[in-house]
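Chain nomenclature is as follows: A, B, C, D, E and F, assigned in order of appearance, with residue numbering initiated at 1 for each chain independently.
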Amino acid sequence: MKLTVKAKALKNIPWQNKPYGSKNPNEVIWRYDRNPVIARDLTATSNSIFNSAVVPFEGAFAGVFRCDDRARHMDIHAGFSPDGYKWTIDPKPINFIAKDPDVKGSWYKYDPRVVLLEDKYWVQWCNGYHGPTIGLGYTTDFKKFHQIESAFLPFNRNGVLFPRKIKGKYAMLSRPSDNGHTPFGDIFFSESPDMIYWGKHRHVMRPAGGWESTKIGPGPAPIETSEGWLLFYHGVLTSCNGFVYSWGACLLDIDQPWKVIHRGKYYLMSPQKPYELAGDVPNVTFPCAALVDGPTKRVAIYYGAADTVTGLAFGYIDEIIDFIKKNPR
Amino acid sequence: MKLTVKAKALKNIPWQNKPYGSKNPNEVIWRYDRNPVIARDLTATSNSIFNSAVVPFEGAFAGVFRCDDRARHMDIHAGFSPDGYKWTIDPKPINFIAKDPDVKGSWYKYDPRVVLLEDKYWVQWCNGYHGPTIGLGYTTDFKKFHQIESAFLPFNRNGVLFPRKIKGKYAMLSRPSDNGHTPFGDIFFSESPDMIYWGKHRHVMRPAGGWESTKIGPGPAPIETSEGWLLFYHGVLTSCNGFVYSWGACLLDIDQPWKVIHRGKYYLMSPQKPYELAGDVPNVTFPCAALVDGPTKRVAIYYGAADTVTGLAFGYIDEIIDFIKKNPR
Amino acid sequence: MKLTVKAKALKNIPWQNKPYGSKNPNEVIWRYDRNPVIARDLTATSNSIFNSAVVPFEGAFAGVFRCDDRARHMDIHAGFSPDGYKWTIDPKPINFIAKDPDVKGSWYKYDPRVVLLEDKYWVQWCNGYHGPTIGLGYTTDFKKFHQIESAFLPFNRNGVLFPRKIKGKYAMLSRPSDNGHTPFGDIFFSESPDMIYWGKHRHVMRPAGGWESTKIGPGPAPIETSEGWLLFYHGVLTSCNGFVYSWGACLLDIDQPWKVIHRGKYYLMSPQKPYELAGDVPNVTFPCAALVDGPTKRVAIYYGAADTVTGLAFGYIDEIIDFIKKNPR
Amino acid sequence: MKLTVKAKALKNIPWQNKPYGSKNPNEVIWRYDRNPVIARDLTATSNSIFNSAVVPFEGAFAGVFRCDDRARHMDIHAGFSPDGYKWTIDPKPINFIAKDPDVKGSWYKYDPRVVLLEDKYWVQWCNGYHGPTIGLGYTTDFKKFHQIESAFLPFNRNGVLFPRKIKGKYAMLSRPSDNGHTPFGDIFFSESPDMIYWGKHRHVMRPAGGWESTKIGPGPAPIETSEGWLLFYHGVLTSCNGFVYSWGACLLDIDQPWKVIHRGKYYLMSPQKPYELAGDVPNVTFPCAALVDGPTKRVAIYYGAADTVTGLAFGYIDEIIDFIKKNPR
Amino acid sequence: MKLTVKAKALKNIPWQNKPYGSKNPNEVIWRYDRNPVIARDLTATSNSIFNSAVVPFEGAFAGVFRCDDRARHMDIHAGFSPDGYKWTIDPKPINFIAKDPDVKGSWYKYDPRVVLLEDKYWVQWCNGYHGPTIGLGYTTDFKKFHQIESAFLPFNRNGVLFPRKIKGKYAMLSRPSDNGHTPFGDIFFSESPDMIYWGKHRHVMRPAGGWESTKIGPGPAPIETSEGWLLFYHGVLTSCNGFVYSWGACLLDIDQPWKVIHRGKYYLMSPQKPYELAGDVPNVTFPCAALVDGPTKRVAIYYGAADTVTGLAFGYIDEIIDFIKKNPR
Amino acid sequence: MKLTVKAKALKNIPWQNKPYGSKNPNEVIWRYDRNPVIARDLTATSNSIFNSAVVPFEGAFAGVFRCDDRARHMDIHAGFSPDGYKWTIDPKPINFIAKDPDVKGSWYKYDPRVVLLEDKYWVQWCNGYHGPTIGLGYTTDFKKFHQIESAFLPFNRNGVLFPRKIKGKYAMLSRPSDNGHTPFGDIFFSESPDMIYWGKHRHVMRPAGGWESTKIGPGPAPIETSEGWLLFYHGVLTSCNGFVYSWGACLLDIDQPWKVIHRGKYYLMSPQKPYELAGDVPNVTFPCAALVDGPTKRVAIYYGAADTVTGLAFGYIDEIIDFIKKNPR
């Protein structure tokens, strides 16, 4: 049976074909040849721009970007692009609208995801409120942003909403953590009737060794296919000289997304290029956004590199799913 | 204005007067002179019985007890007492009723609290589900226990329900943690419309130095008074030879219990007796239950000692509140 | 089928019956009522005497004792007793005879075991040679001791010989470790044709949670029974305030002793008495020697308490084996 | 040649003869039989009283005491005693007189020493000023205390003045440390022309293994004898369950006190009594003061026990020096 | 009012104008376009040359250089340059002249600073004497060097003298530390009447988050201006993969230099170039010397890169001060 | 007397002369100018190929290679080359022949060495059997490989056989370790009559500071010369940002190879090239194989770089030995 990707057409998806000569069947993801697609100093005050979220918007593209400034303060900024390559990012952080000072107060914001859900672009990020937890907000125009209650108690990172309700409930993946450079981390599932109160937490999966032996966390919003939710996720290996962030993929059950149907043994990408190997944090590739062209099954993935710049990579969803099924863990 | 304690009369509260000669105004809590009130080997398989929860029940007393067996497996057991001193504890752990295996599955259970809320005795405990989190269940007879969804994602300990809804919502305190012997910990507040979904998380307070310099966590269910919720809480100091668990008290705002009105500078109890200084974990006093006689303002507190046995202590609620107001942090 | 213990009669085994009132079926080991049987200052220079080895010798008893002196230097000393209770221990350490300075050189010696094997009393201990490893020597009279090659490369502790050759080879259990307060530890089996060269290393068992969640190590020499080798072994749990050393038992296959036939879920003893809870290292019970009276199946176990003094405990081998079979892990 | 102790007569020195039966030649220090001489709750707010300094004063005794209050805040208090046993300690901390707020400001004060030097009683303590360092002050009446500049930059503890100038300079021993439970520590010597500026720092000695394998620090002010300065010093061993504080002695050169003439191999005291083994910090004996009766060479030593109470011990200076010479490291 | 820099003219200061196109107002420091200015293997035995000190000398330039040899032994070497770019460095370490072996003895020397003060070039460095502390010496010709007493007790690093006496006293900044890769560090001020005895220690500032969240330390000797002392200082952020060393600037009060008048929020430089990102220690930029041309306010800064090579950077002092005032912390 | 290298001629040894201009007498090792000689993705599934072993074989070359696959699983693979530069590596791991499942079972295999000893090519590697230990096997054709008993108990790495028996016994160097990123490590010697049982363990050498301050381990099989066994060994320095692996050389006694005759002070190679500084583990050079041309004394060394690729370097054995003798530790 042929795989279907349940996503609209996105004809202007940023795209390069697989480079001539790359016949290696184990390479189902390839990099943009002019990476990094976003430089660390795109804005006048930015130290680094990475781990950022991009969506189609009004025929072009918009996004929410993690920009650490030169004080190394972490915040998220709105940005626009005509083509997904050239970006204009607001040098000032997003000023969320919220009444309750306990909601609005935020030590820092980082690692945003954005998903179009019903009629709003929902933003999820790691929000500093007496420790890291999952901040939630929305926008319709990428100019005005509203912040609502954080989803969970600290300590949590990498909250990622599903792009539609599941059995009538909003659904989110996340990775509970601690208050530092957490040396552990599983992926969990939670649901909510109203985006305010969350519960029915379920364990999805734990690190499985090798490139994902220390911790794992969800990447871009899951992509709906006829075979299940395709989830890109990062995994961390602890070498004698620190963490190495790679990423791979798995398929989750459509109705009970805490059940893993297929999980690839191999990473899809690991840090291998100079801009991934060296930077503010060496050896990091960290995907946060995926643009999908449903009919052609093409996917363009934005990933943070070395916690410093943003990279772009390409693949075919059916090839990726095929790959993880052929190389199961 | 005179303080009122919003609790029923409990004429048969376990009680001893302050020992003759204890005129020290800084001692507003005194110990039962036959402590430990519950020995480590009360049941045939128990290694230790501590950090346990006791409530008035049908004119006598019932409770839920943390019993580590001789495999050092942690579980919770039901028990009964005619007088609060002599206890009969079921040698078998509580077998909670729950349909969903993800709800029922539990690696371990420990540090229970019990509170009468509406028509049920609600049990909260640290529940092992891919890490420690807050298990929730209820009983009406201390024979049949029902388990519902865990309140939060891991990692969390010391979930403590308020004894009534606040502004129409169930309310809980807890202490988010990590997956080990957590070296940090603040108290947070959360609310729920239905005991299933939880949100609107608020920070209550953080460690404040001295006896509570490493972490703090809520103890027994808060006690309602005319001046606010009286909360006993434990605090941990890290000496060169490990953690020291003492406990003190604070007053929380009645309607916005994440606001601290008064907080005592001094501990009310620290490990000083042989059964508190030595045992499976030296230097621990850890309160989990408080019996209150409203009219006389007497309180009897059950606390774990050295993670081995259960101690009992006494005080007057008005004296305690007076003490923390006179010795503010 | 009735269990047989393959050991000679030892009529003068130190012995006390189970105390009146101890009907708890989970207590198959009970303590000598005048413990500690050996005080910390039995010799003029000793800081502590513990983790020591005792054997029947010429109708009475002899042993090799770990005595830390007041410099806290660790060494092993010979000692004699008419009855197993009252001991005379040489204030000077054993001066082993060895030609090769690389064999004789030893930073420290501790935690000896002694076993009669063929015609010699073989001593095994933790030997300091550029790290801890397993020292080996023998005596026939407990006056002259010969030291031979260490069995293994560092880092190793708790080398324990079987009391006879197995399939023509000498056989030893041990616990590989690191160079500090090792936070891990499994039991391994090794064999040797000649007590010099060792190989065919096999894994026996790893920690299994609860009281033995951090590391395990063999205790006294295994006791041969008709159902397999009875092995007492210590296990360590890591609380927030450090290691807790308990001990339990398992049965190993007679011919392939790296195969575990039965393993008890519960500890047989954990630190509960004042001299076990407090001392140079709080919370330690650590068995190193067992005297056995074959016909009556009585066993008397010497164990170190709090790394300070020596305790004595009693039990019946058939009851112990019955207990671990009824309470399997 | 017979040893002379260069100290005045102190006929009313607290004293007990060595207990009948203690013929062990390795015990040259023995404890007061009614220890602890100062209880933890001598004042109404004290959690513990230990590591304190005592001197002869106007025919009786005065001292400066470390009292941690029930907030576990550390401060130093003045006290008086007619006989060295019964003490009256001011429940309020010493309020030092100092003009410069950078001098007067002090997060905490602990572990005082007091020495009569020229015409003043000089107090040295661990002073909290952006980390622990050596606070300095003086009194003539134990009522008014003046604070001067701290001697050193952080991080330092255990500053101990010599009781007279050496070659025209004030002289001090100390133990540089870090900002936590320092796992290292040597003793250094420093000198000053004016008690304000310090320099010519010299290394005295480092930990030497066994009971003093982790760190060492000076105890009471050195005692002048005809053979050199007798220094009591504490040493720390790190067991798997934490630090163990014992103490021993060495002799320093009279004119170049950074040169060690004799150093004993054995500790003089290690934690062995219940009040030394259990308390706020288990396994601590920590001497801070010594009263000396020159003609009889008797010495009475006050030491902190388990960071909770104060103990008292006795010995003869000539026996102690003889002991360390006979048992050299 | 216009800023004045109190430094002589230095017409031959190494200098490049800001690169064409760098209009970013947040870049007030720019790098030499042929960096690294000093290669790691400039001498035959050097593994690396970095964290070094340069001064104008006899119309040209001289300096003291940290050269780690291929044994990775750390020492300091004299060097000369006609232009500040091309350097000749003595392959042999400086052999300091000192009588007292306790002064001359030095395990290692690293991270030198040099300042012309009165009639001598004073050298300060991290000196190995039973731990790192602040070595002090002087030269007049960069051939003969004299070593005097170390300024402080261990453990200390980054001692930096002011270029003139302040209120009649010599003045030094430093960063107390521990004996390893210290995870904390504040800047302190000390003074001395004679360069031998030091005291009146004052706290200057502590880490303030972001790029300087773990520790901070003074860089080159402070530069006197009409608005205060301009201090360049390094700051360390701890990522999951280790320390990142950036540097920024602040202004200190002229007469009370422990008082911070202005402190910039943003770093002036962080590791971004390949030779800063990779090397013996990845992610280090560490300034140790500044050449100043008073009339033009130009400054040329030598900084260590990746603990491997030496980089050079340029700026205008008035622009830098303006920048930190406009972007205050 | 002229040095002789006891190795056959190997005319086709991979070789480049020292680059023109490299007159630095301290550079006796130089790199292949087209390094890395083996890329990380030489096989379709490999993530990295490094720390590998190469030998002359049938007029050409064969080898055993550590290939981590894209799951980051570690295993060893056979490979062939006509010239030592171009390699064909089997994409499938070696499938060792062994009967006993306890021998064959292997969690992982890494860091192989190969040595021709008598008539077989013996392979040694780090073998995962309940922890890392030394796996042993042999081949005659690099197609069929036989696995025998592991040499030692865990935990051990870097087992390296001597290329002939010494005094009638097989001989091996190794580095005992722990179960993680071991922060310590000495080299030991062991011998065996039969390659099964090992004993007579001797300490060879410990880390000596500088580039080899944390741990050391043997590299390629020792090379026999008229002056002793030439051993290349790696050494590790711990910077604030992790381990740095360099390598140097020493000479061991021919008959008692645990005796070190000469040991060089300087490293021969440290990580300095981009492919050594960045990769899966930054800052690693790790030699595992040496090809020797006896008559010309040329040596070609294969070393792992950054745990990612394989480098090649060249030198003359007599120059190397001369260098370590002239620059002794």
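Just so we're on the same page, a contact is a pair of C-beta atoms (placed from the backbone, for glycine too) under 8 Å apart; a residue touches a chain by one contact, two chains touch by 3 or more.
Nothing here was measured: the structure is a model prediction, and the numbers come from that model.
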Along the graph of touching chains, what's the shortest path length in steps from chain B to chain F? 2
With one step meaning two chains touch, work out the least steps from chain A to chain E. 1
Greatest Cα-centre separation from chain E belongs to chain C
Taking all residue numbers used at the chain A/chain B interface, answer same if over half belong to both copies and different if under half do. same
Over half of the residue-numbered contact pairs in common: that is the test. Which of A-B, A-F or D-E passes it against A-E? A-F
So chain A and chain F are the same sequence; what rotation in degrees superposes their CA atoms, nearest 5? 120
For chain C versus chain D, what separation do you get between their C-alpha means, in angstrom? 42
Chain C residues counted as touching two or more neighbouring chains: 241-242, 274, 278, 282-283
Would you identify the shape of the chain contact graph, picking one of line, ring, star, complete or other? other
The chain pairs that touch are A-B, A-E, A-F, B-C, B-D, C-D, C-F, D-E, E-F
For a test of understanding, state which residues of chain B touch chain D in their complex under the given definition. 24-26, 209-211, 213, 237, 239-242, 244, 246, 265-267, 270-272, 274, 277-278, 282-283, 329
Chain E - residues contacting chain F, complex: 40-41, 44-45, 47, 69-73, 181, 241-243, 278-283, 307
Spell out the part of chain F that touches chain C in their complex, as residue ranges. 102, 129-131, 133, 149-156, 174, 176, 178-179, 182, 184, 186, 188, 190, 192-193, 196-203, 206, 258
